[in-house]
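Both of the next two complexes hold chain A, though its partner changes from chain B to chain C.
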Partner chain A sequence: MNLAIIEKEGLRLFLAELLRRKNTVVGVKDQSAVSSIPGDSGFYTYAPINSPEEMTLSFDVTLIPPKKYLLPAYEQLLTFNLSPGSIKADAPKEELIVFGVHPYDIIAINQMDKVFSAVPQDNHYLERRKRTTIIGIDPVKAAPRAFWSSMGADTVAGGFDLMLTDIGQCYVTEVGSKKGASLLKMAPGAREAAPAEAKERDKVRAEARKRCDANRLNFSYLELPSLLDGKEEHVIWEEKSYLCFSCGTCNLVCPTCYCFDVRDDVSIDLKKGSRYRTWDGCLLSDFAQVAGGGNFRGHRADRYRHRFYRKGQFIYRRFGDIACVGCGRCSAQCPSDIADPVAVFNRLKEGI
Partner chain B sequence: MSKPRVAIFDFAGCEGDQLQIVNLEEVVLDVLGQVEIVTWREAMKEQSDHYDIALVEGSITRKSDEERIKAIREKAGILVAIGACATIGGVNCIKNFQDEKFVRRYVYGDKAHWYNTYAARPVSAVVPVDANVHGCPINREEFVQILKALLQGKKPFIPNYPVCVDCKKAGNVCVLLKGQFCMGPVTRAGCGACCITEGAYCWGCRGLVDDPNMDAARELLGRLGISAGEALGQIRLYDGYGEEAR
Partner chain C sequence: MGSPSPYLPGLATIMKIEEQTAMEKLFMLRPNDGKPLGHKPGQFVEVSVFGVGECPISVSSAPNKKADFEICVRRAGNVTNALHNLKAGDVIGIRGPYGTHFPVEDLRGKDLLFVAGGLGIVPLRSFINYALERRKDYGRIIVLFGARTPADRLFKAELASLARRPDLEYLETVDVGDASWKGNVGVITTLFPKFTIDPKKTYAVMVGPPVMYRFAIAAARAKGLADDHIIVSLERKMKCGLGKCGHCQMGPVYVCQEGPVFNFAAIKNLEEALS
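After this line comes the complex of A and B, so read on.
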């Protein structure tokens, strides 16, 4: 059964069963259900869930992408002893089910898989990835700054174990892996989808795409690598970065940004310690600073430009992917509101 | 090898940072295993003029403070400023924008003439400082990190990026996204964005990053409907000695 139907109540029971079997499930929560701070409602975050009711599947976009489970903000890599000298690598052991991931975020994870599989492969990432089950969901809403429909990221062909589409009374459920197929067996009442239901899925997806088209690139995203050719001296980089705080928000909330810094923490008696990594970002002023104090991108405009080239050209040349999936997080969360790729790329296309 | 000798001194401040050191709890014995504290008015009665590392809390607010801090600087191999009053001037500098005589009378009443105070300033305004432990109060973990780096002969890691980084790592909802004021985008990180995590906003107690974008800050505050006067008041709360507050 490649395309199945799970009734709404069936999905709730499915999730309850996963929890009953002591699986660690993270899902999307409205921040108002997590935080007691006034004004935090309407913002969505991934968080561990204990009951199906805590979770929502009708979110538009989360503040931080699910990358935080594959590449945590802080991750211990190894511990060491200095006398006698020994090193022990940490191995992630936790099995995780991420319930409710939009296609654009799955595409971003697929990109990270490529990046971290390339030599030298990143065993910490790959181990976490292997231990993570992804249950996707097609978006029913488009965030105001989202433009995934312009980035070929409205649907995704693989990278998930199950992919749900809400067609009203039930979910059309696509199986994406063996793990997904065996999970599906735990969903009470799951049955093969009828052709009409598969068609209904196409219709729901087309409607979602249309909603997202309200904010779009005026050209095909596949043109981005060539569009950026020769635009290094364009006035837009200085103009926009004039208001850049170098706060790195655009990097940190980006599902395809994976840069990290590595540091050692040595015990106070200097006998042992640990090495950990933590998120970094190319917009931070010291990101490209090297020993001796030199900085390859000491100016805001250089850093600001670098991000757009990385998204539209550098990663494409190295891995064949455009490193922007149109989630709109950078655009929505930049304190100065200068990070919107739609605004920048459309203007470059217009040639003004 | 004998343990490095550490002396702790205070100038104008609330002693809250020393209290953070007293409160190191589970690691306090580890720290004391590696250093010998020889002077610490707040926590012990012994004192000594022979020390390698001086930890200094508080701001410099009197001519006589200058002589004292210079003498400390001379004796110490390494001088570390701890807490906002010592690192950036802190709340003491609020008085710098008020009438000196009025402030002195307000605090000391009819004994005001006994106290020869002047505009408050950070330790670095008088003597060179080797490391800053920022914050009001200091973060205990960061204090230990910096102390360890110094004991190893390493340059301590003190972030030069804004609090927004810590906030994103903590998974907080951005205060600015909620349309409220926050000093985060121009304030030096390292605190773990504790105030935002607890539902407040960033007050800027760690001072500004090395290259704050104040044009962007002005633009942003305008968008939030916050006047330049209000914003200046916020900067002066902790960073009154800094050039952006003058």
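After this line comes the complex of A and C, so read on.
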């Protein structure tokens, strides 16, 4: 059964069963009630779920992408004694089900998979990835700043265990892995999808795509690597970055940003310590600074430019992927609204 | 975890510490597992002081059959300051070697022009000693060494003995002299008029502070060296050494993977490579 149907109540029972079996499930919670932004219609975060009622599948975009579960903001890599003799690597042990991941975020996870499995492999990431189950959901809404429909990120072919599409009365459920197939068995009343239901899925996806098209790149995203060629001295970098606070929010909320710092912590008795990695961002002023004070990207405009080149060209040249999936998080969360890839790339395309 | 952590360092014991200048110390290290590092000249290791952190340091000794190797460290940041406070017998962590190396095999039979600015002598020393151990494999060897002041000169005794060798041409300079200094005063490019080379068979191998490259490369070009006859090693913040963490990126290039040793011709048009 590659394309199944789970009724709405069936999905609720499925989630309840996952929780009953002591699975750790994270899903999207509507946090609008705690949002400080007046009239904010949606404020969504991934968080641990204790009952099906806590979770929503009709979100537009989450504040922070699900990368926080694969590359935690604080991840212990090693533990050691300060008087050396014993040092060991920490392996991730927890199994996790991430319930409700949009295709653009799954594409971003697929990109991280490539980066961390490239030799030399990062086994900390790979182990965590192996222990993570991803249940995707097709978006029915598009966040105001989202533009995934013009980044080829409206649907995704793989990287999920199950992929749900809300077609009204029920969810069309695509099985993406063996793990997904065995999970599906836990969904009460799951049955094979009828051809009409598969067609309905296409319709739902087309409608969502249309909604997202309100905000879009004016050209094919595949042109980005060549568009950026020779634009290093374009006025846009200085002009836009004039308003950059170097706060790194765009890095923090980006599903394809995975740069990290590695640091040591020492226990209070000064006997043991740990080495951990923590998110870092290329927009932060000291990102490329070396000991002694030399900074290889000390100029704000250079840091600002680096990010766009990384999204549109560098990662493509290295791994074959455009490292922007159009989630719109950076656009929405940048304090001075200069991070929007749509604005920057469309202007570069217009050549002004 | 089914596979080992790439962040797990091996342990090494500090066998000896030699003070080079007020800022730099030479550490002789012995891997606790007794296995040679297996490095080639120009590669670096990630050095751990447990509880303080990790930083990239180039290996200064030439590869040999023994497990012992040397790193020369300037006191500049958290980890290097902590290293300077250690003593013989202390144990540190070592990961690596990482990165590209000087093309020691490809340059066999060629004339070598080493251009070492300040701390740049540290990785170059590995290649210079490698070449001297195989003296017949290489043509002329010219070593240029520049330091800020006479007191900042590293490997003083070693370089003095290089200067006495008949099979090597050694020229040195300081930016600012003092009462005792009888030698050349000026930046490293002021040494270039003092020798001639055959540009067809000469390769320049340069390591120095960022500011040195522009001028030293111009001087090498003025001597007739083609761009692909210029080899450089670049400093960046190589935090993970694995091409993941992003700190050492120079445009699309990860210096810890494609570098730190580059052929100048390959990076001369790369934004961010040389400023």
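What we mean here is this: the second predicted complex is superposed on the first by the 334 of 352 C-alpha atoms of A that agree within 3 Å, B and C clash if a C-alpha of one lies under 4 Å from a C-alpha of the other, contacts with A are read in each partner's own complex, and residues count from 1 in each chain.
As a working rule, a contact is a pair of C-beta atoms (placed from the backbone, for glycine too) under 8 Å apart; a residue touches a chain by one contact, two chains touch by 3 or more.
No experiment lies behind these values; they were computed from the predicted model shown.
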item	value
Which of chain B and chain C A:V266 touches, first, second, both or neither	both
Which of chain B and chain C A:A291 touches, first, second, both or neither	second
First, second, both or neither for A:L252, with chain B first and chain C second	first
Contacts of A:R275 with chain B and chain C, given as first, second, both or neither	second
First (chain B), second (chain C), both or neither touched by A:N50	neither
Superposed model, chain A: greater residue contact from chain B or chain C	C
Chain A positions touched by chain B in one structure and by chain C in the second	263, 266, 270
Residues of chain A defined as touching chain C within the complex	77-78, 80-82, 84-85, 87-89, 91-92, 115-116, 118, 120-124, 126-127, 232, 258-264, 266, 270, 273, 275, 277, 280, 282, 287-292, 294, 296-297, 302, 306, 309-310, 313-314, 317-318
Footprint of chain A on chain B - complex, ascending	27, 30-31, 33-34, 144-145, 147-148, 151-152, 157, 160-162, 164-165, 168-171, 173-174, 176-178, 180, 184-186, 199, 209-213, 215-217, 219-220
Residues on chain C engaged by chain A in the complex (per definition of touch)	1-9, 11, 48, 50-55, 74, 76-80, 91-93, 209-210, 235-237, 239-240, 242-252, 271-272
Residues of chain A that touch chain B when the two form their complex	31, 35-40, 43, 45, 63-64, 68, 73-74, 242-249, 252-253, 263, 265-270, 278-279, 281, 284-286, 300, 332-333, 335-336
